[in-house]
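Labels A, B, C, D and E are assigned to the chains in the order they are written; within every chain, residues are numbered from 1.
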Amino acid sequence: MLLKLSLDKTGGLFTEMARDRTLYLPVKRGGQADFAPWTPEAEVCLDYLNTARSIKDFFLPQTENIAAFKREGKKITITPTHEEPSPFVVFGARACDVRSLDVLDRVFLSDPVDTFYKAQRENGVIVSMACAEPEETCFCNAFGIDAAEPRGDVVTWIAGNFLYWEAKTPAGEALTGKLETLMSEADSSDLKEIEEQGKAARAAFKELPLGKLSLEGWSGDDLLGKFTSPLWEKMSKSCLGCGTCTYVCPTCQCYDIQDFDTGHGIARFRCWDSCMYSDFTLMAHGNPRKSQLERFRQRFMHKLVYYPANNDGMYSCVGCGRCVAKCPISMNIAKVIKALGGNANA
Amino acid sequence: MPAVKEIQEKMRARAGELLRDGGVSMALGWKRGEFCHDPEPAFFESEAELDNFVYDGFSSPLLSKYLIETIRKDKQKGEGKGSKFLVFLKPCDSYGLNLLLKEHRVERERVYAVGVGCPGMLDVDKIRAAGVKNMRSFDETETEVTIHASSGDKTLARRDILLEKCLVCKGPEFAVQDEVLAPGLPSFEGGDRFAGVTELESMSPEERFSFWRNELSRCIRCNACRNACPVCSCNKCVFDNPQSGVQAKSNADSFEENMFHIVRAFHVAGRCSDCGECSRVCPQKIPLHLLNRKFIKDINAFYGAFQAGADAEARAPLTNYEFGDVEPGAVVKRGGGA
Amino acid sequence: MPINAESGEFKPMIVAFCCNWCSYAGADLAGSSRLSYPADVKIIRVPCSCRVNPLFMLRAFQRGADGVIMCGCHPGDCHYTSGNYFARRRMALLFSMLEYLGIEKGRVRVEWVSAAEGQKFAITMNQFAETVAALGECKRLEDLRCQP
Amino acid sequence: MRVDEKTLAEDIVRMSGTNVKKCMKCGKCSATCPSFEDMDVHPHSFVTMAEEGDVAGLLKSKSLWKCLSCFACVERCPRGVEPAHLIEAVRFFALSPQGLNKMKPDVVPIFLQNLEEKGAEVPQQLLTSAFRKYSK
Amino acid sequence: MQRIGVFVCWCGSNIAATVDVDAVAQAVKTEPGVAFSTNYQYMCSEGGQAIIRNAIAEHKLTGIVVCACSPRMHEATFRKTAATAGLNPYMVEIANIREQCSWIHKDREKATVKAIILSRAAVAKLNLDSPLTAGETPVTKRALVIGGGIAGIQTALDIADAGYEVDIVEKTPTIGGKMAMLDKTFPTLDCSACILTPKMVDAAAHEKITLYTYSEVEKVSGFVGNFTVDIRKRARSVDADRCTGCGDCMEKCPSKKSKSEFNQGLSNRSAIYIPFAQAIPNVPVIDREACIKFQTGKCGVCQKICSAKAVDYEQQDEIMTRRYGAIVAATGFKTINLGRFEEFQYAQSPDVITSLEFERLCNAAGPTKGKVMRLSNHETPKTVVFVQCVGSRSTVECGKTYCSKICCMYTAKHAMLLKEKYPETEVYVFYIDVRTPGKGFDEFYRRAAEEYGVRYVKGMVGKVAEENGRLRVQASDLIADKQLVIEADMVVLAAAIEPDPSARNLATLLTASMDTNDFFTEAHPKLRPVESPTAGVYLSGVCQGPKDIPDTVSQAGAAAAKVIGLLAKDKLVGNPCVAGCNEPLCNGCSACELVCPYGAITYEEKTVMDHGVREQRRVASVNEALCQGCGACTVTCPSGAMDLKGFTNLQIMAEVDAICR
């Protein structure tokens, strides 16, 4: 059932949603939009196109505690320190970010299951939001994502002066149940408006600089040829080796487990890691990936070749365009797709 | 004064000449990206490759740091010994190169530095903030930029859409160069680059603390600031080195957010040429230059005006001293620097 | 350091870096002259004030120190001729930066104490401990993980 | 109005831009002074008096108007004390109550007219010096 | 993992009265690495040391922590104890629980808690200790003295008398320096030549001393005990072995218009010349700039008349490479250029002279045969004005901020000599202060005023002007508050002295530091005044700071004693707590080199293995013989490549952690 709510009443909706759980939604921070817990003072911005960071933060946080080790004499005690999961809602996730959870699920929910991730997934409700227009750097359509019709527990649209709301899953239904009184039922003219808007949006995506990006050359054939291509060397030269692309990426899932000596014992935690870093894959004997070329190649081969090979052809890129927007030197996955994808993008 | 397009053609032609018969084996410049506003640092090895060469208001990424790796690789190959690398430098980039030369990270004889006048680099976010959506192309002069976008054409005053670092431009002089194309740019005067620092200094400690908490809490430790910095060129950063005792891959808490940025600013204190790359590349838009400029402002006030990278000889303030230097206690007493 | 549960009295944790040749000897002289200063002050011996990395100071705050003081030979008297001059510049910049970040002034200090200045050492430590105690716990540079 | 002579002395010294503490009492200023014989307080004493805060003494001294501003003392002083600048600063204070803009260009001719009557009271070089300063 | 023994000392009741020593010993037992802990009344006593030795053996300890008095007291003792038990002496840490705990705290509980924390910090540090061995280097038993004035001669004689070889390098054709130019010396008024020339002869004759005159140091490498020095022996154009010193060549030389350096330009000399009669070596040198043969190719008179066939126009500069264990800088001074002090008319009037010129005029062997005369008309002056502090104690650009120290005394001397020779002369001395600290100095100055009637006037000369063939001196008398105008015949300026300009270059060669006035800096202004901060380099004479002859000679002896102390050793044992460079981390940036006060850090191209990648890099290298272990480099190094053994980054941080726990 499609519900609607006047845009000037969203405050009440947020208050209600945040009553018994944490509500994350895009707010203005440092001149850009980012997901943050809702507070009555928060500067909510629903007209953003892309947040600086993705919703990955809520399922695979940048750091999370694992355990504490304490030593007394010869006795060592281990205490789990992972925070108890609590229910939360992510409001305003875009289609690309919602798709990224599929990518992460396949990694963390397949055997052996990552219990931390699983707990977060079970406690989180995704309220997605359709894109009425694209950001300049978007190319989700290349991965078959329909930005105008995202998935999620609840899908929302903004059209005219209204927020439209439709529950899609039992979890979404449950959330909607508490909020129904705030909203009214939409009619067919509303539906039509949403559809029209969606059509326009889809057309606009195609007109973008990356709108016609094709992955035809990335079918998984000729793995060795791709791997040994001399183009990697050329393309990786300008890479600074920072972790921006991996940290803003909704699908990058690599992490490191580190021990921190607190002076009273050891705090073990996990934190994001980046395959762009020189100490990634560092082992006792040294590092198998010695140069930025190898690290650079790994990142894109993983996204476009290895991951799909293991996951029914699903690419671990969702075309959100964050890396395109944020790379300090304007290197990005679209360039790689074009350069090494043969003639498809010629 | 030549138009920016003309400078680009001059540069392309000169790079071609030098690659052909100027004893230069590679030219470091910029090449066209996917959009009209994202040129990428590029390494041209032949004249033919120069078709993609671009120099415009978005050629902001600094190139000189790439010389370290370029020369290192060249040495490893063992061939092409003594071959030179052409690098294009905007006036402010030249300070960074000088620092690399001074710290022996790059050998002078391996570099052919071509200075190019800079009309002031543009900030795509400011253009977007002006209501421009989906930029397709643009025309630029020294004073105006006309943008063609899906949202329509728009002409903006160049000054209004400059990168922060360009608003406080150090001027058209080159600290190091072998030749200069299009000298005299930029023709505008930079503003007071310490205004931001002074403003912070005038706040109460509580206000300053919450300002920095708000800024630094956004840090995701992507290391873009560090890796883009021309003086943060350590073979291995202490924060990446498990043996250093301070290694940290992420900011586990607020202390580490502070620690990373204080230590990074301290390590480049007296060496930072204020090129502004750290702030430009920060994906979280943290005004990192306000940390570095605080040190620069203090150094100027305590030890006399100093521009890192202005020459390759002067001792950096932290490797120097005078008997009558200010006491640390006096610094704190006076309340937030000079 | 936490507030004493019984007395409610705040006992600051203070780290003092002392150069071996002047200030550490000055502290010894304070000791042999039986000049008392709070037990909250713990001294770390370094060869010269120039051995004190700003990192060590931050480390102390991370681990729960409420105040950090560095003592060295008077300018001109450095055993290594120039060490304290470099240290002085480093600390001047560090202190200014800490203040800029909104860390309360008074938590860090530099004092030049010669081997003959046992009294100055004791007075300095008494004053510093008092200042830091008045400021209370250092919240702005703490690392929550390091709390007991 | 200033009541505190000490503050006044400090202001004068600050305004003059000199550092009287640098004086090592060598007397080279007095040794080199062409107006020495006409003065009741000699340049080196002027510096000492300023250092001691004796503003009244400075203001009522004949020397105040006998100094030619030739700057020989400034040139010769081995410590960079610059007594002439000090004298200029005291003069400024002596003149300042007479009007905000001190001496106006149009009063200078009056001084010149009075020259014959007053004779040596107003040295010509002082007026030249005044012209230089106030003819903005 | 270490096996650490902790030994808590009672120090009688000194510690035990305020600190519960047993509680300390118990508390540290659970610390990581601690294998054994105990307490005892006097750890430093033989009994205490035996406990330590036994425990080391019994518990297979790898290191010990002694919780006792200050390490400044007994660190050395316990290191020896450890060494006798077979432990590396640097595997010893001291927790100072006496001076910094029991003696300053009254509350037993607080003191005990603090003692435990200090002991834990020592354990934490020891856990990261590694055995250190001091490096040994052999010593070349030969010294180099640079400069052949009284400072250099005295230093060389003292070293040579102790039985060590010494070379003196002097850049002028003769040794003797400035003292040879003096007429008399204060405060005894004995003849300078009479006391100096025997020393010059001694130096030349000494079997352990080799003189290299007309020579300069060109290159210095190496370090304490092992310097290698290139000396350029400039071509004299006269074969010193053949020359008999007869002097015929000088007499016959047709080019006689060169200014005599020795006589301060007050007389002329020939192109082939010996600077003065008692010069050593007594061998002439050809001034090629002035020599007609060298300039035009026509002449050759000296060669023709030389019966010893010593004149050799073909002679070339010669570079000799010598090895030394120690180097003494004794480069001396010169008077500053007075041309820029226009008020004194030095450059304009021949009757305004410097004190050193006056010295030559007084001297019986000088250009006027000891007759003091006005250079303008060769008349004996009737009124002479001496001006002190000319350029000294001055902050103006052409002056020097320091006191030149010797002027007050030599001016008194000159005034007296003048009065002695010409009692009728009116002599004025203008002074700012008369500084006479020294044995018999004030008495000497008072004699000038009281017995000789020299008129001392407090005040400075403002202006000197030539008028009607005389000098009009305008000055102030500050005591009388008068301006004086004196018609004088001669004005003598006590010019400030400054280090010889060659010292600047030498400092660079020696990596010895200089102050802003180009005087060499001493390793410690009070405790090591004759050593430079660069190990193995010593300072003698005015190159370190203004001083008179007695002071110079004492310092020369002191420098010699230091050199002898060094050369007496067969091997130098270094301090093992030195800096070291972790090469794969080093960026080669040179920052550490710039802050090293000892020049102990150099850079070299080296092959470095970094994570399996082999490459040629510029990396820092520490000379352990020179490093004194201050640690300045460690903090300057941004990548943490430089670390200090015994005080590593990790160790200090471990102490911090342990204290703040």
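Everything below uses one rule, namely that a contact is a pair of C-beta atoms (placed from the backbone, for glycine too) under 8 Å apart; a residue touches a chain by one contact, two chains touch by 3 or more.
No experiment lies behind these values; they were computed from the predicted model shown.
In summary, the chains found to touch both chain A and chain C are B, E. The minimum number of touch steps separating chain A from chain E is 1. With every chain reduced to the mean of its CA atoms, the largest distance from chain E is reached by A. Compared on C-beta pairs in contact, B-E and A-B come out with A-B as the pair having more.
Taking the CA centroid of chain D as reference, the farthest chain centroid is that of A. Centre to centre, using the average C-alpha position, chain C and chain D are separated by 51 Å. Separating the CA-averaged centres of chain B and chain C is a span of 37 Å.
Chain centres here are Cα averages; for chain A and chain D they lie 78 Å apart.
Annotation for chain D: no residues touch 2 or more other chains. Residue positions 236, 246, 252, 318-320 of chain B each touch two or more of the other chains.
Contacts with at least two other chains are made by residues 54-55, 59, 63-64, 76, 82, 86, 90, 143, 145-146, 148 of chain C. All chain pairs in contact, by the document's touch criterion: A-B, A-C, A-E, B-C, B-E, C-E, D-E.
Only residues 71-73, 261, 263-264, 282, 286-287, 290 of chain A touch chain E when the two sit together in their complex. Contact residues of chain C toward chain A in the complex are 63-64, 143, 145-146, 148.
Considering their complex, residues 260, 262-264, 267 of chain A touch chain C.
In the complex of the two chains, the chain E residues touching chain D come out as 343, 389, 393-396, 399, 432, 458-463, 474-478, 481, 483. Of all the residues in chain E, the ones that touch chain C in their complex are 70-73, 96, 98-101, 103-107, 110-111, 113-114, 117-118, 121, 513, 521, 523-525, 533, 577, 595, 597, 628-632, 634-636, 644, 647, 649, 652-653, 655-657, 659-661.
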